[in-house]
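Got a structure for you, questions after.
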């Protein structure tokens, strides 16, 4: 077992870490305050190959693997979590389905632009009445001659305001998952508009918007994958997306830890740095341990995926653990900072606000637990018999 | 254009150092090594010239096995080839000796231009660049903040005390670059993958025709932390009063006014 | 090295007058030479009268290389002429000033002469019969002491550390004319233009007093506050890295790890937090004044006098007070030495 990152993974890590420290960290607080980011950042990331990390070079991507992807998101999120959200959507939820399910023409038209950062993508699945129960979505798409006409509204769309390309899931058939199809929409398509822009608890710099489809007319070649396979497309994006969110969450957790360590060494009370007090030390120890554990879960999930093997269980475990670690670490970071932790001049209250979303999107922690349980209990069905049959190894 | 860039693998200046108990240097463990800051500018300048005029960029380094990472970073930025001079005798060389070795590796490359960072951030010596120029018998221009290439010559800007000097330098030449000459690019992921696939040529002193390592002319006696400055006096309160206190102190105590 | 060893210096001159660093080297050379002889080498165009000045400041033998081809400084011309001279004389120790020209020439000479070289020397001493130099390393996070082995030793000395040798009337020196037989074709660089950086004051590396600004100044226009104080003090103006990165001031203002290293008598840091990268460039200052409204700023850890206050309030008052002091003292303002 090799537990260290390879030389090129380390080079990816140091490159992105340095970029983030120079270009992102100095403006992180301002991005949170203004709820926006310089659009040029996405272009810069694109030039480095980070807007399509695991998309092959021929389609404008970075040509790297899932482990690199986690490393990238962790380093970005350590500096600023919202940009990590922007990136993860573009990479996992838009570039990936185009790569896995798109026709060659669709890839040439859209994937290259998105992977290289010239265009930004978003993913429209959730609706007001369809969140965790995504299969119950109601946005419809009916065939009208050569076109598809879509009606409905999607909410909580990250990158909704800036996106040039939208992956939209709509019902083309009957109830349930098999009636759903995926479409590629573009800003400017007739009948497509950005509705309400949400004000959130955290990750302010990334936009979260409603996308309204009112007789939105799309040419036939905008269908992504076969009709009725929309849910397969959506689910296929999840495993990779979840590993990415684990990266984002661990970046936030690491920010909480590093800021806490710096503060604890500096802040003196009762004649000593608070880092010398056991209460502080134990929090720091637990933060560091959980982050390390989360990282190992994440790398393992990424590595298994890179081997081409099933990794649904591992991806869910990584996302669940990393996101809960982020929230836990950020909460304790605020505590370590004490009164200053509550003040916006200091970064930890932002980590606290940013961390929460990682427990919710791309499958809430509750959903992750269901997925994991299903996998584990499913395996146990087989394990029970051999034991009864006289101790044969499962 | 055939451009050669000398690079060095040095401790990351952001990381605090720990001086060895025997005072013979720094603790290697816990150090993070990176491509020398000034060499990043050298590589970037070489890449810009290549993008404008065409040609190849070859990196050269003399250092232990970890120094290959400096080459990888440069290759990931876009350099085409790399040479790693590795030899147990390297650690006993002084700067002039190292320059001799680098020059021996560069000579057969028929370079039109040799770029170096003006200094490396570990020893801050700024000796190797000009010494390499001497051993290659090439003209030099040091601490350059702007470089433009022309027909058979380059125009280089350098800061001297209180002025900017514009030099015309016949090519081939050795140029050492100063911060501000350019903004080095970040390696891209495809670049990192390509760097992995690029073979790094290895050289020992014997390969370079150096049978006996050049003798060193200097010897490190010891390394100590800098004298700790004592924090002095705080002046707080009303501005007008502070200013009077300060001027009086500067005049009468510190005697600098 | 024995108690009576010749020490050579490479003198730098501007307009026929020795530069301040040259006097500093002469003072150091005298100390190191002991009973030995202090030699000065000077190369330039119109330098006829310079030997007298150098002699008055302690040079006992002055080697004068005069030629139009030697000024302005070019590496090839100086390396050939001075290199040949040093190769013949084979002195035990050569002191060079750490100036742009000195840093350009000294390593080339070291390679040419196969000599030992130590740059950025903060001190040069004879200890147990050996020449030992101390210099900052690891971007000023350490001091190293380096001993030279036998042979020609070149020490490139930092400016503003050793006091300039005083002039003494009645001292004279042997003047040796150095034959200059340079083939112009062998000089492969040419100074095409020199444009003075539009700054009235002394270069930062030579200044006795420096007023420096950081991010706390908030914008380029506020450097005018520093200019006023500097004018009153006869000081040079510098900055930390953020104002340079933000484009408020040009790069030649920068003091620190990626800028200049300075050693003034007085360094006034305004709105500078005191990151290690900046301290690396100025922590050698004899007296440091820090003006910052953040009491936790790291600069206060090294400041001789720490002013916790609003620099926008303090600076004008300080400028006024300095002007008042100067006019009261009647010394018309202490001009920065050339």
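Going in written order, the chains are labelled A, B and C, and every chain counts its residues from 1.
Rule of thumb we're sticking to: contacts are C-beta pairs under 8 Å (C-beta built on N, C-alpha and C of every residue); 3 or more make two chains touch, one makes a residue touch a chain.
Bear in mind that the values here come from a model prediction, so they are computed numbers and not experimental data.
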Geometric centre: closest chain by C-alpha means: B
What is the chain whose Cα centroid lies farthest from the Cα centroid of chain A? C
Between chain A and chain B, what distance separates the C-alpha centroids? Give it in angstrom. 40
Could you grab the centroid distance between chain A and chain C? Build each centroid from C-alpha atoms only and quote it in angstrom. 55
Separation of the C-alpha centres, chain B versus chain C, in whole Å, is 21
For chain A, residues contacting two or more additional chains: none
Applying the document's contact rule, which stretches of chain B touch chain A when the two form their complex? 34, 69, 72-73, 76, 186-193, 195-196
For the chain B and chain C complex, residues of the former touching the latter: 11, 13, 16-17, 19, 26, 37, 94-96, 99-100, 121-131, 133-135, 138-143, 145, 155, 158-170, 173, 179-180, 215-227, 229, 231-236, 239-240, 242-244, 246-247, 249-251, 254, 256-257
With touch defined as at the start, can you tell me which chain C residues reach chain B in the complex? 72, 75-76, 79, 99-101, 103-105, 107-108, 110-112, 114-120, 132, 135-149, 151, 153, 188-197, 199, 202-203, 205-206, 209, 233, 251-252, 257-259, 265-266, 277, 283, 286-289, 300-310, 313-314, 317-318, 320-322, 325
Which bits of chain A are touching chain B when the two form their complex? 7-8, 11-12, 14-15, 18-19, 47-50, 53, 57, 61-64, 68
